[in-house]
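Each in structure tokens, the structures are laid out below.
Below, chain A partners chain B and then partners chain C, in two separate complexes.
Let's turn to the complex of A and B:
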């Protein structure tokens, strides 16, 4: 599925080392899934609390908010950019959901999604039309959106979530939490969009070589704007679901999620240089981070502060392996 | 006022000149507005307090400017501040001077790790410093078990935390002196040339035989040391080492200040004076809102507008 990764590697090598090159490309794109399976087995054998259905559901629901954001982030990184605004958009989304809920559960989902999309639109226009650096534009959005969320709600807004809104985030279908369904379906749709549509091809093309994509007639600016809109919309939606899950709109929610989502994508083999990545990899990255948090949380004698330490070290190891692999491919 | 590789032609239009100096114009305008409209802004305590808050931000902005000048970035500076404060608290039994040295040393270690990853292993600075942002904060919290440790009063910590010459805090004098030193390094030494050359064109710099790896290692090590010192200053001001609080989001302020001050993210150009004024601008902006009893959150929104505006002007300036 990582068309660009494999083909580039194959082209560069002769016939004999071709198999080796293909293997390296496979590790690059699918390594995270392998590590995830391995980590799950090790954790299951080592910790009796780990391999239970209830615990897996815990990991899944806890990771679903990051998962939605990581989908958008993966699109943006493959495109060759960053979206630092998503964490703040989770906060804004959750506050807006709380305000919109009296008008109906659909409003509580729609308003945050639209607000997120609007922020994404502004980001995208500044990046694609005005030619400004994605890093600084979305950094400004990180600050500004958090400011707006704090203006709207200084403290958390407690909301009652019986009815549909609460059910969306806390109910189950076929014995599996709705949040897990939502994020899995989201990743499935995203994988199809990325690999089977003209939009997906355009995203890979721009991330691989923007100038070449433009010369081939790819509407670069429009694709870029659209991608930031998608990322913003998903982040707003993630905030709305968080509000439904926690029964409150929290203006400070989602802090640091932008960095976590980038980390998840990178661990999953999405290259920061753009043009290479898979949704399955990003999902593995999200679940790996969730697994680490879950295990450290439950080991009684380790303080939760080691979560950060472990996540950081893990990210470094993942990037080190990737760097070594991509260098060897050249 | 910025130091770039290309010399300016000297035929800049008035608009281009205004653009290049936008941070100073904006700062002057803000000061005038505050003097007229903000009650109590003239109070010397206000200015002194502002400078106390600004000193650590100036230090991390200096390191950030060097990193951005090489077309890199250092996201780890805020967490490094937290780690430096935590290490300092642990080293307190050895006396205050040793504690301060340990804090700065912790910053050096983080900077060396970051620089090593970037220089020797070719890892994207954004990712290596992001990993350290997460890991250094976790280490800081783990070292102090997440709790705040009070610093002893008197002596060195008072000198750093409340010491001042009239309205200028000691820490601000130190920060500005270091800023002068860094500006001198960037402007006149080979190290400064190398930094700008790497930022303008890394491949060409390598071909030209410039010691790219050593320069990058030095840049990030310097950023780590400066962040360590900033953490010491912030803890001394607070009177305590708080691993959850010290340095949080400082990396964002530092990046914003550097960019507003005329150090573009595209590398190859550094403005130390602009960065210092960028810090002051953001600090005064925040203070203006607080002193006018306006919700501080609005200041954050305006900060965002400022960053985008400054970048837009730079873009227009080519």
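Let's turn to the complex of A and C:
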């Protein structure tokens, strides 16, 4: 996976500065993976209950809903925007899945995905065509979509017979939970799309310098709309999988996930200013947040406030390192 | 006479059982939970193993952050009870209002070797995968404070909690008493999306329905939040200055409503307020004259929950539903209750 922007900084420099620039770029893109590995080792040595297959699966499944949302969020942030609607879309997606299930398990996946995509389409059009700020547009969607979810289901809906739909989330393939497969395959596809397709190149180009991208003939508006559609679709799908996992449509589900997905991406080295980031980094960010939650729980009697504190500290450190590294590279 | 004697015997037995429970709890000035009713339907362990709580790992899955006084007291109660029962180890998790996390929390506690679980469900549904895990390992579960979907005796042994519908009804009756059956009522409801709000709304409506002179003129959600309730109350007062009664579904929201009423120039007692929770703040508001009645929701589940888990291990019947007796705080006892540190 390449990191956009490195080549320009590296080009036409001497051998030593080039090596230094490469190192900085490596820390920026792979730092989160390193921290994740380190944290896993420390937690494994410190807490006897941590390094078990069951616990790793537990972290993985719990993080999978955030993971799917983080994929879309990473595309959007690299593009230079962000999407606050995804948390509410998880709630709407789970409610729609519960309502659509009587028509078939495929409907319970398709309807939430389409609804999420439709919200993303509206967001994208308002941002790309009408030139409105992503913050305001997606904030409006955050509020509006949550309202729709609550109107559709004031209380939670019980899915009495999840059947195949339940198996999609709770089954296993080769001894590994399906949810983990889904999110891993999702990240793999996303990484290929981001780095090996013209669409991916366009996303980096727009996030790096929108004007330059436009002059180079990149269809800026179309790429932007498409990216918000992808983000919305994945959020709707995440809600559907949550419904399958919990056998319930929960209109209040997903609150705060929009900010957690942004935090995960940033911890993973995705620059909030756009143009820089990797899917592997974002995945590491998701897992790091999941690991913090898990470890704080293992400590047991420690108040869960520390969970927020630890996540906050991680985020701050990540941003601090990013800022320093970016300045060094210039 | 024979019947009466046997009733006495039963009640003595109950009192003894309760005394046992009370004894198990560390001495505390706080009012311990009392039981209003036990369901006839019970769960009995087919293979009692007579394990002692002192020999096992006990887990508690809390649903929401402890910034809420109810949650804080509940968390403390479970922790204290685990200590007074000398649990081998006590593990605690907090789902922080995230349904998926609560499932993961329960699984994580099972992985950590929990042999009995107490769960405060976040939602009226959504714990099925967690129950499935526990069932597979024969781990008894007691659910507390919010009812959640599941099969009695299979998914969980028992639900213990307040009757939220009844709470709404009691507040309706209290408001009728306070206003002589003539009221223009503003209702500030809890956050939408869970059964607590629905039950408290329905119970109140049912009680009010009996009084033709009482009318709910505005009903809005205050999201269990003081600031939201204050905003909602201010807006309702602008639209309906003739409001003379307020029903809030939690003490936090009552506090917000009081602030709004005070800002609008109202005096304590001018507008009758009834609320639910029985927190220190709520009872204090009775003393200061703002609140007419506050129906308690006692969060101190620890001793009774662990007591029932012990019963399960011993092969004794565990009631499928245990309704907690909630105290109604009024002007009559608010001061003495505060003095004895009973409210949480």
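In the analysis below, the second predicted complex is superposed on the first by the 319 of 330 C-alpha atoms of A that agree within 3 Å, B and C clash if a C-alpha of one lies under 4 Å from a C-alpha of the other, contacts with A are read in each partner's own complex, and residues count from 1 in each chain.
As a convention for this text, a residue touches a chain if its C-beta (ideal position, glycine included) is under 8 Å from a C-beta of that chain, and two chains touch if they have at least 3 such contacts.
Small disclaimer: the values here were computed from a predicted structure and weren't measured.
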Clash or fit (per the criteria above) of chain B with chain C on chain A: clash
Touching partner for A:293 - first (chain B), second (chain C), both, neither: second
Touched partner set for A:266, first chain B, second chain C, both or neither: first
Partner chain in contact with A:253 - chain B first, chain C second, else both or neither: second
A:150 touches, of chain B and chain C: first, second, both or neither? both
Which of chain B and chain C A:306 touches, first, second, both or neither: first
First (chain B), second (chain C), both or neither touched by A:137: first
Against chain C, colliding segment of chain B, chosen among 7-15, 25-33 or 43-51: 43-51
Contacts on chain A seen with chain B and repeated with chain C across the two complexes: 150, 154, 303, 305, 307
Contact set on chain B toward chain A in their complex: 73, 75, 117, 121-124, 126-128, 130-139, 141-142, 145-146, 252, 255-256, 259, 265-266, 295-301, 303-305, 307-308, 311-312, 315
Chain A contact footprint on chain C (complex, rising order): 65-66, 79, 89-94, 96-101, 103-105, 107-109, 111-113, 123-129, 149, 191-195, 198
Touch list for chain A against partner chain C, complex: 49, 52, 54-55, 58-59, 61-62, 65, 150, 153-158, 170, 242, 245-248, 250-253, 255-256, 293-294, 297-298, 300-301, 303-305, 307
Residues of chain A defined as touching chain B within the complex: 82, 126, 130-133, 135-137, 139-148, 150-151, 154, 259, 262-263, 266, 272-273, 303, 305-313, 315-316, 319-320, 323, 327
